[in-house]
Every structure is written in structure tokens, then in C-alpha cells.
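Across the two complexes that follow, chain A remains constant while its partner is chain B and subsequently chain C.
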Partner chain A sequence: MKAAIGYAATVLRSMWRHAGGRFPLVVLGLWAAISVVSLFWTPQPLMRTDGYHTWQSPSAEHWLGTDGTGADVFSWLMAGSRTDLLIVILTVLVAAALGLLFVAAMVSRHTALAGASVVVVDALISIPTVLIALVLAVPMGASIAVIVIACGFGYGLNLARVARPQALLAAQSDYVESAVSNGASGAYVFFRHIVPNILPVMLVQLSLSAGTAVLAESGLTYLGVGVPSGTPSWGHSLATTVRFITVYPLTVLWPGLVVTVAVVALNLFGDALRDAIDPVTNPELRRAAGATRMEEDGHGR
Partner chain B sequence: MAEQPGAHGRTGATSSPTAPASPTNEASTDASLNARVKTPHRRPWAWIAVAAVAVVAVVIGIIAIVNRPATQQAGRRDTVTIGLKLAPTNLDIRNQSGSALDQILIGNVYEGLVARDENNQVVPALAASWEESADGLTYTFHLNEGMSFSNGDELNADDVVWSIQELVGKQYHDASSLTNFGSITAVDPNTVELRLSAPNSNLLWTLAGRCGLVFDQDAEYDMKTEAIGSGPYLVSEFRANDSITLKANPNYWGEHRAATETVVVRYFTDDNAAVNALASGDVQVLAPISENLAGQFADDPDHYTVQAGDGTDKYVLAFNGAGEHTSDPRIRQAIRYAIDHEELIASRGGADAPLGGPIPSLDPGYEDLTDLYPHDVDKALELMAEAGYGPDNPLTLRLEYSNTYGTDLGDQLRSQLAQIGIDLQVEVVEFSTWLQDVYTNKDYDLSLVDHNESHDFYQWADPEYYYNYDNPEVQSLYAQALAATDDAARDDLLRQAARMVSEDAPADWLFNYRITTAWVNGVEGFPVNLNQTQLPLWNLAYESE
Partner chain C sequence: MRFVLRRLLLFVVALLAISVAVFAMLRVLPGDVAAVMAGVNSPPERVAQLRAELGLDRPLAVQYLDWCANLLHGDLGASMLTGRSVSEQVGVRASITFPLITLGLLVALVIGIPLGCAATLARGHRARAAYRLVSIVGGAIPALWSGMLLILLFGRGVGLIGVLPSQGFPAAGWGAPVQALTSLVLPALSVGIIVGAGLMRYTRSALGELAASGYIEMAMSCGMTRTQAVRQVGLRLAMPQMVSVVGLTFAEMITGVMVIENLFALPGLGTGLVTDVGNRDLIAVQGELFMLAAFFLLIGLLVDLAHRALDPRLKASIGGNEVSA
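Then we have the complex of A and B:
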């Protein structure tokens, strides 16, 4: 337990050391904090509209102005961050689970299953995420589940496709061979040997997926199959203001900016995390690992 | 060199694993690892720079678009381009539904026995005059002389009779609104007699729509892509969902000769694209334009004119008369008291008119009923308390409406109804879903739709309609109004019925949507009233300074 905390601290410290890691850490930290705060407090009541004060410029009362219903843009963006955070987390979990499932199938020792799953994944990957979402929206209506399932499915396939070569190399390695000959089960080999090998690729892919999920939320909500009406989200803020971009460009700018910053941060986060957990690129990790080993061994050099 | 790994390349491998040329077999040192460290600093900064440049580019683009000057050239134009919203998918006005076809073809390419003026009153068209028998069962139309179709064929009573018989016989679109139709005969080449089985006070108005259109029975053409009529314009080019080019009909017989040689109609599904087209001079007229977007033109009266026209669009917030909670009149009335119509109208730019009942100002039987349920939150709270609900004990109701109306109205209604203890669940769906759930299955609590038809009071007299509104008195009054042979009597009956409907509160009429039209100064003769249902363009001209 102590070792795990130490490891995490080391990783975070080395991420913090570079601008490319500090930026996503700050943004994601703020994002999480604002999401929590918005559960208890927003500058203006979320659902209050005021038809007499629509499209207001930023003021002391409305920090980022008001939208076409007179609702407070800042409050909606604050509350929207929790919806987007939830979508990102769920999408990443679904994508990771599905991705690992497909990877497992594709590197399976049953050649028929492996061959078939490669063909299936290649075929499925050609279906656009938006199309999946539109089809799902027919029975389900606009809902967060539509976004999570469509994105999780699409990104899981992508993840599997990208991680497969790495997984295959591991699956054909000597240590897997010897583990198998020692009677290790398929699941053991997969989680003990293959997953750690594809972890760096997965992290980058998942962080890209997380960023794309934010974009997808905006796009699908604009199309009316994403977040349902009355649920705050960045996509909702964008969709309701974008019609009047020529008249009130400032109102569209804020949700656009938030989405851009969040997506950039998520993309950088994956890169930074991969660099920080890879002993090849992170000397600090090697030093920490060395120190731990020395403690365990009970003798220094 | 390293040894070859065990040769067990499996099926499906992308490449057979070959050993990497490892420079050394000794244990790695920090120094050697550090030498191979990737430099992760550069790429993130590049990303941030790219993002920053992109944001700046977008902002500059927005400013450039907003400030783009309108181009003006002096002189009388023989081509005027107008921008409309709803595009027809084909030109078959006998079979294809949708008001886009009525809008562009009636009065321009096809003409009816009679027409409607800008105040929704019936005026002569192919028929110069008509008489109605005292029992209201026989209408005699006297046609103009010397009429012809654009292909040169003569237009006489035979064509009128043939067109209406075809309509009824083949049940073309809208044929059902020709209620109580009996027969139609040609008395002589210039006289037509139409008989009804029972009086229909709506007959003339109906004949000014699709039902009264006269087609050339001898012409053979593909009605989906061509149109041969008797009107002042010809369709010279039709691109589905994109544009229609109208050219003046050189063989036009009547007084409504086209003032402009060529009228190009372009369809914009995107409001911003439409506004940009007007600002850049690609189109000279835009109808409709959202009131919020029209601001930039209204602020520039030297170059543009912006005007709202009267229409018959009624935004109807219907309460399911058979719904679990909405069958309780106290809840329906509470909702009507709770809705602040002035605020809704203000948020939309202020052009729309308040509407207190089912009949808008341009329809017969109109009366200002906005006093029946004024905005009164206290009264609404009282009614809700009587029904057993309140802010501490909210009632959950579901509002379902089509995404064509945007999410703003749902958000505003949710906010307004929250004050009286109604937790409004808003579902914004595809129009087809609304048709299925609400219109066909009547499975809803609240529904919102723009009933844009004129003369559509029949909805409230039909207990089968999706409102589930069944008031025998209203039905009887409407039947009497239809049977009335005198317009004043008809209007009075409709007025009584409309008041009765509004008092029962089967729906709330949010507002009477008024179409805003914007045009470049110098454009004359573009109708502003009712221009989304019929748009006669013969008088349209453009002379720029």
C-alpha cells in the first residue's frame, strides 16, 4: 500500500516537472474540483430562466453573460463539467473493458477465434461512432448512456486495433511461452504479461478517447441524441448558443474554449502519463525502484 | 548477436518477431537509459501552440464574417434572389405534402379558382366572380376570358372541372379538406357550377389552396420536376432541397404579370448561412429570419428593412385531456396561469403576438382572449394546492416536442412551471417520434407544436384528435359554423366556440408566431403576411440606388 502511494507520488512528481504534464494536471484538477462544487453551489440557480435578460454581456451578476433563455452561462458551464466528467470516466471504463476483451480474443491461442475476431474488429471499426449513437437513440432517446455506449464501443475497437501488435509480440515472447509450459492459465498470462506490455499504448489511446468523448458529447448533443434537455453539459451550452454565433459570438466562445482546453488537457495527460510510468523515459522511477529494491534487499551499493 | 527466439510465429501475426539488434548484453545503466530517453517536452508545446493558433483563427473568422460589408450595385435588377427556409423535395403539388410547395407554386406557377390576399381573405383569381345560392349548396364561378397555360393551351371550364374531379377521384393531397363536395360541372366554357351535399362555409377559402388549383389536362410532363400552370412564372430550373429558378411566363394571360424577369429562390436550412447570404448580398430577401438574428439588419436601416408579418402560426402547448394528471382541469388552468407569455415573447425578440385562444387574428372568429388566463402565479399555486400539489410536493409532468423548435422553449417552460410545483421533464425528440408518440398514440402529458395551418378550428371539434378534447357544445357550434351561409353568423359561432375552448384550458397558446422578413432596401412587393404558406411574387421588384 505504502509502495503504491509512493509510486503514484513519484509518477505525479515527474509529470509535474514538465509543462506538458503540469498543464493537464492543473486542468483536470480544476475540472474535478468545479464538478464537486457545482453539486452544492453555482453563482445563479441553474434552472432559472429570464426572458427579459437574454444574451447579456458578462457582468457582476452573470460572469459570462446569459444565453437565449436568460440562463447564466457560467453556472451552466460549471454544472456541465460534472456531466462531462461522468461521461469521460464511463466512456474510458467501457472502452478499456471492451478493448481488453477484443485484445484478448485477437491474441488468443485458439487460432480460429483470433482470426475471426481480427476480421470482426476490422469490420466493426468501419462503423462511425455517430451512426452508432443515432441508431441507439431510436430506442433510448437522448441520454448519457447513448454517448457512453457509442463512444465506448468505437474507442474500444480502436484501442484493440492499436494495441494488438504489441500484445502479439508479448504473446509470442519466450516468457509467455515458458509461463504457458509451466501450466499458467490464459487469464493469468493475459493479465500478468500481456496487459503490462500494452499499458503505455492503452494509456495514450484512452486519453485520446477521453478527449474525443468530450467532443463527441458536444457533437451528439448538438444533433439531439446526446445529453437530454435540462441536463447541463458543455455540449448543451454550445448547441443552444451556436445558432446565434454571428450575433453573439462571445456567448459561444466560452463553452467552445472550455471544450478546447479540456480536450487538449486530456490528450496531453495520456502522453505525460505514459512518459512518467515508463522506466525507459523516466529516470526518477528507476531511482525510486532502485531505492525500494535496496530497502528490500537490505544492502546498498 | 542475440539468438533467434523460438520459432512459433502464430497465425495472424502482423510480423514475425525478429530479434532487435541489441547493442549490448550487459545490464543497462542509468546513463545508457538516459541516453535513450525520449524528449517529451516538445510535442505538448506544439499542441498548445496549434490550439492557440486555431482559437485565434476562429475568433478572427467570426469577426470577419460579422463585419463583412454588404455589396451594392446601382440600377434596376432583372434578377432577384430570395432566401427561404423549407425546401420542397419535388414539385408534385398534387401528391407531395408540405407547405414549401404551396408557398412557391401557388399563385406563381399554378393558379386556383380563387386566391387569398395578404389578410387571408378570398379574392378572385381564375374566377373573376362567383355567386353562392341562398341554401349555401351551389356555387357558380364565372371564369376570366382568354386564359391560357404557359404552354399555350387554352384554360377554360373543362380544365377546372377536370382538375377538381381528378383531385376528388384520385384523392390527391388535401382532397379531404373539400368537405361535403357533391359535384362539379361546366355550364359553358366560362362558367363552372360546384354543388355541395351540405353547406361548407370554408369552401372558398379551401379552394384558394391546393384544392382549387387548375392543371392542364392535355399537357404531359413529369410533375415531380416540372410544373406547367397558368401563373405569371415558369419553373425554369429545379434543384431538390436547394433552389428553384422562376422565369416570367411570356404567355401570361392576366394582370399579375411578373415585374421581375427572373426570381431565384434559394433554400437555407442553416440560419447563420442564410443571414450571411443576406449580409453579403447573395440574396436580397430573407424570410423567415429569426428575430434574434435580424437585429444586425434592423440596426442598419440605411441598407435593410426588417418587418414582422401576421401569420396563423399557433404555438400550442397541448395538455392531454385523457392524461392521468392533465385530465384534472385545475392542473390545466394552473399551468395556463403560471406561464408568462410576455416573457417568452420577449426572449424571442419581441415580434410575436400573445394569443389567448385557438383562433389567430387572421382567421374568422378571432377575438382577443388573453384576459381569460392572465399571468398569475398566486392563482396557479392555489389551483395546484387544491389538486394536491405544490412546490414542496411537486407534480412530475412530461413535455414532448420536436427538435425543430429548439430546446429554449422547453427550458423556459420548465423554469416557469417549477415555480408552481410542477417538475417538467422535457423530451426533445425527432419530429417523426413526436408524430408517433403524441399525434398517433396520444401517449403524452404535455406536447408543444406549431400549428401553422389557417382555418384549423376543426381540431377542437374532433374528439379523436390528439388533444383528447371532447366538448359536445364546441362540436355543435363548429358544425353550425360550417353550415352557416352568412359569414357574419359563421364568425360569431366560431367566436363563441373559441372562447369555450379557451375557458376549458385543453391547451395553452404560448404565442402567435409572426414571421420576420428582412430585405435589402430597394426591394418592393414582397409579401410579409402569411409568406410561409403562400408567396405570390409577381409584384416583386428590386431597384438598387
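Then we have the complex of A and C:
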């Protein structure tokens, strides 16, 4: 546990050192902080509408103006960040779980299962997430679950496909063979030897998926199958104002800007993380590993 | 030849699987066609009568075979709401969506490939970082937003340089070719920018891999400059891979342009599917989903075959069945 915390601290420190890592850390930190704050406080109450002061320009009272119902745009964006954070976290968890499941099947020692799962992943991967979401929306209506299931499924398949070569390499290695001959169970081998090997690839892929999930949220919500109306989210803010773009262009700018910055941050985060957790590109990690004596678990390169 | 046969077999099997999946999915979901058609508060007798009329009281296998037989004739059934033939509807909508994604793909190619080459050739820390930022930001913009910004810039009546129509498709359709084409320009641009950023990333990574593998250095040691080597040798070597990516991108764009079609009020495939889902027009949704899925499979087949034909290196490798890259 202590080693894990030390490892995380080293990784974060080396990410912070470059501008390309500092920017996403700052944005993601702000995002998390604002999500928490919005649970207790927003500049204006979310549901306070005011028919006399719709489409106001930014002012001291309404920092980014008001929308068509007179609600405060800034407050809604603040509250939206927690919904988007929730969607991102849930989607990433679903994708990670599904991805690991498929990877486990694909590198399984049962050749029939391994072969079948490769074909299944290849076939399912071509189904666009939007179509899955639309089909799910027929019985479920607009809900956060639709986004999470559709995206988690699609990104999980992608993850499995990206991580497969690395996992296969590990599965055929000498240390796995020796573990198996020592009587290790399949699950033990998978979590002890294979997962650590694909972890770097997984983390990068998942942070890219997180960015795509934010984009998917805005798109699906606009199409009416994502976040239900009345629930604050960035996509909701974008979708409710977009119809009036020609009349009040200034109000429409903000939600899109927020989404773009968040997605850029998530993408950069993935890249920075990849550089920081790779012992080849990050000398600091090698030094730390030398000091604390990395355990012989097969992923020390 | 064996490869082609095997790939064709896989296509047929996948098509069958998709037809079963689409058929089953809309049967498993609560609220069948008859219940939806009859309305929420209709008496059970009315629903039962409708069910008999539509043949929904027969065994599922019979219904499925019936549906398949109709599919072979190109008959996807009639929409529950409008009563019009679904295949006809799909045809009309496709005549808007396909030109739109073709235009969008052209824009993306014009943006993505030169920028990808330039990013590979860029020397120096700052230039590289700048290109990387362009590709990341380009891929991070929500389609809705890029469309809006373009409307604000060029939309007729509202934009700073208001020259292009930003809403709808001419009622005459392609009967008024100039108007039809101009109404597709802004949507194609807004989707093209985003897809272009993706293509730029692919071009860069494909060329980067080639450069690392020594082909480019070999060409340079034969007297080419770096720019010449990347453009003439690198691009040509990356061609099979790029054709695959462009093909799959084309397929993805069909659903990728849904938001754009909605924003610009173009009655294309995406807008249509969303409307039909909203109306719970199950017969139409079933037909459209099958058509879309079949199209994705077809593009996948063509891409694999083209990749194989374009890249002799694959034939040389033993077996060579790992094509679905």
C-alpha cells in the first residue's frame, strides 16, 4: 500500500514537471473541486427561473448571463460538471471491467474460447455507440444509464482490442509458464502477471475514452437520448441554448468551451500519464524503483 | 483466393447474426409493435386484433423467416406512423446523408493528410507541440459546437460573413442542385474539421512508424530530401493503412453526422432514425438498424479486401489472415 502511494506520488510529480502534464492536472483538479462545491453551493439557485430577465448578458449577478428561462448559466455549468464527472467515472469503470473480461477471454488457455472471443470482439466493435444508445433508449428513455452502458460497452471492446497484443505477449512469457507449472490458478496469473503488463496501455486508452464519453454525453443529450431534461449537464446546457444561437450567440459559447477544455485535458492527461508511467521515458521512476527495490513481479522492464 | 472466400463467408455469417440480433432486440424490448400502434389506453381486444392483423401472434421463427424473405425483396415493411415504405424512406434520407459524408470526408482528407505530413516533418520542440495541440483540440470540439461556430461565421442572415444557408434542405431535393449543394457546405465543413483532426493523427502515427522502421532513412540515403522521402515513399507505403482508416471513417461518419444533421435540420438517415426512435416506430427502426449494420459490415469487407489487394506485403507473410487491423 505504501509502495503504491509512493509510486503514485512519483508519477504525479513527473507529470507536473511538464506543461503538457500540468495543464490536465489543474483542469481535472478544478473539475473535481467544482463538482463537489456545486453540491452545496452555486452562485444562484439552479431552479430559480425569472421570466423577466431571460437571455441576460453577463453581469455581477449572473456571471455568464441567463438562459431562456432566466436561469443562471454559470450555476448550471457548475452543477453540470458533477453529472459529467459521474458519467465519466461510471463509463470508465464499466469499460475497464468489460475490457478486462474480454482480455481474459482472449488470452485464455482454452483455445476455443480465445478464438471465439477475438471474432466476437471484432464483430461487435464495428457497431457505433450511438446506435447502441438509440436502441437502449427505446425501452429506457433518456437516462444517464443509456450513456454509461452504450459508451462503456463500446470503449470496453476498444480497450480489449488495444490491450490484446501486450496481454498475449505476457501470457506466453516464461514467468507465466513457470507460475502455471507451479500450480497457480488462471485468475491469479491474470491479475498478478497479465494485468500489470497491460496497465499502462489501459490507463492511456481509458483516459482517451473518458474524453470521448464527455463528447458522447453532449451529442446524445442533444439527440434526446442522453441526460434527461431538467438534470444539469454540459450537454444539457449546450442543447438547450443551441436553438437560439442566432439570437444570443454569447450564451451558447460557454458550454461548448467547457466541454472542449475538459476533453483536451483528458486527452493530454492520457499522454502525460503514458510518459510518466513508462520507465523507459521516465528516469525518475527507474531511480525510485532502484531505491525501493521493485518486486520481481514480471513487469519490471 | 482462400482469404477472399473466408472473408466472404464471415460477411454472410455476420449479416445473418445481425439480422437475428436486430429482430430479437426489438421483440425482447417491452411494448411490442401492436401495443405501441394501438396507443396507451386502448382495450386489450384492440391490441389482440392488431396483433393478428400484423401477424405478431405467429411463432417467432415464422415471423423472422417472413421478415428475412421480405428483406431479400428489398422490402423493409411500412412505417407504422406514415404508412410509407421504409425502404423508400431510407432511400430518400440516404440521398442527403451520403453526399454529406462524402463532402465531409473530402474536407477531412484535405485538412488531415497535409497536416499529418507537416506534423511528421516538423522539426523542433515548439513546432511539434503546436501540431499536437491542433490535432488534440480539433478532436475535442463537440460536433454541435463546431457547427454552431460555423453558423455564427458564415450562416446566411446571422453570420459575420453570412453567405451560406444554415438550415434545412431545399424542398425540391436534388432537383435544385445548386441550392442542395450549398446547403450541405456548412454541415460538411463542421464534420470535416473534427474528422480531419482524427485523420491527421492517423497520418502522423502511420508515417512516424514508417520513419522509425528505416524506410525513410533508406530513401534519404539514396539522395532524397526528408520532405521528398516522406511525401513520395512514406505516403505511398502508408497508403494501404490509410485506405482502411478512410473506409472505416466513412462508415463511422454515418452515425457521426447525426448531431450535425439535426443541427442543420437536414432530413438525413441520422435525423430520421432519431425521430423514429422518439416515435417508437418499431418497424422503421428495425429496418433502418438492419440497413445501417449491413452497410457497416459491407464497408468492413471492402476495406479488408482493398487493404489486401493494395499491400503485397500481406500476401507474402505466412497465412496473412490478420488483416482486420
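Following the convention adopted for this analysis, the second predicted complex is superposed on the first by the 292 of 301 C-alpha atoms of A that agree within 3 Å, B and C clash if a C-alpha of one lies under 4 Å from a C-alpha of the other, contacts with A are read in each partner's own complex, and residues count from 1 in each chain.
Criterion: a contact is a pair of C-beta atoms (placed from the backbone, for glycine too) under 8 Å apart; a residue touches a chain by one contact, two chains touch by 3 or more.
All figures in this text were calculated on a predicted structure; none of them were measured in a lab.
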item	value
Simultaneous placement of chain C and chain B on chain A, clash or fit	clash
Partner chain in contact with A:Ala171 - chain B first, chain C second, else both or neither	first
Partner chain in contact with A:Ser218 - chain B first, chain C second, else both or neither	second
Which superposed partner A:Arg13 touches (first chain B, second chain C, both, neither)	neither
Which of chain B and chain C A:Ala272 touches, first, second, both or neither	first
First, second, both or neither for A:Pro128, with chain B first and chain C second	second
Which partner, chain B or chain C, touches more chain A residues	B
Contacts of A:His110 with chain B and chain C, given as first, second, both or neither	neither
Touched partner set for A:Ala239, first chain B, second chain C, both or neither	both
Contacts of A:Thr260 with chain B and chain C, given as first, second, both or neither	both
Segment of chain C intruding into chain B (one of 153-161, 225-233 or 297-305)	153-161
Residues on chain A lying within both footprints (that of chain B and that of chain C)	20, 224, 239, 245-246, 249, 256, 260, 264, 267-268
Complex interface listing, chain A residues touching chain B	18-21, 23, 47-52, 54-55, 68-71, 106, 109, 111, 114-115, 118, 141-142, 164-165, 168-169, 171-174, 177, 224, 228-230, 236, 239-240, 243-247, 249, 253, 256-257, 260, 264, 267-268, 271-272, 275, 279-281, 283, 286-287
Complex contacts: residues of chain B adjacent to chain A	5-6, 8-15, 17, 30, 33-34, 36-38, 40-41, 43-45, 47-48, 51, 54-55, 58-59, 62-63, 65-66, 271-272, 275-276, 290, 292-293, 295-296, 340, 342-347, 403, 406-408, 410-412, 414-416, 418, 425-430, 433
Of chain A, residues touching chain C in the complex	20, 122-123, 126-128, 130-131, 134-135, 137-139, 211, 215, 218-219, 222-225, 238-239, 242, 245-246, 249, 252, 255-256, 259-260, 263-264, 267-268
Residues of chain C defined as touching chain A within the complex	14, 17, 25-26, 29-31, 129, 136-137, 139-145, 148-149, 151-152, 155, 157-158, 248, 251-252, 254-256, 258-259, 262-263, 273-274, 277-278, 280, 282, 285, 289, 292-293, 296-297, 300, 324
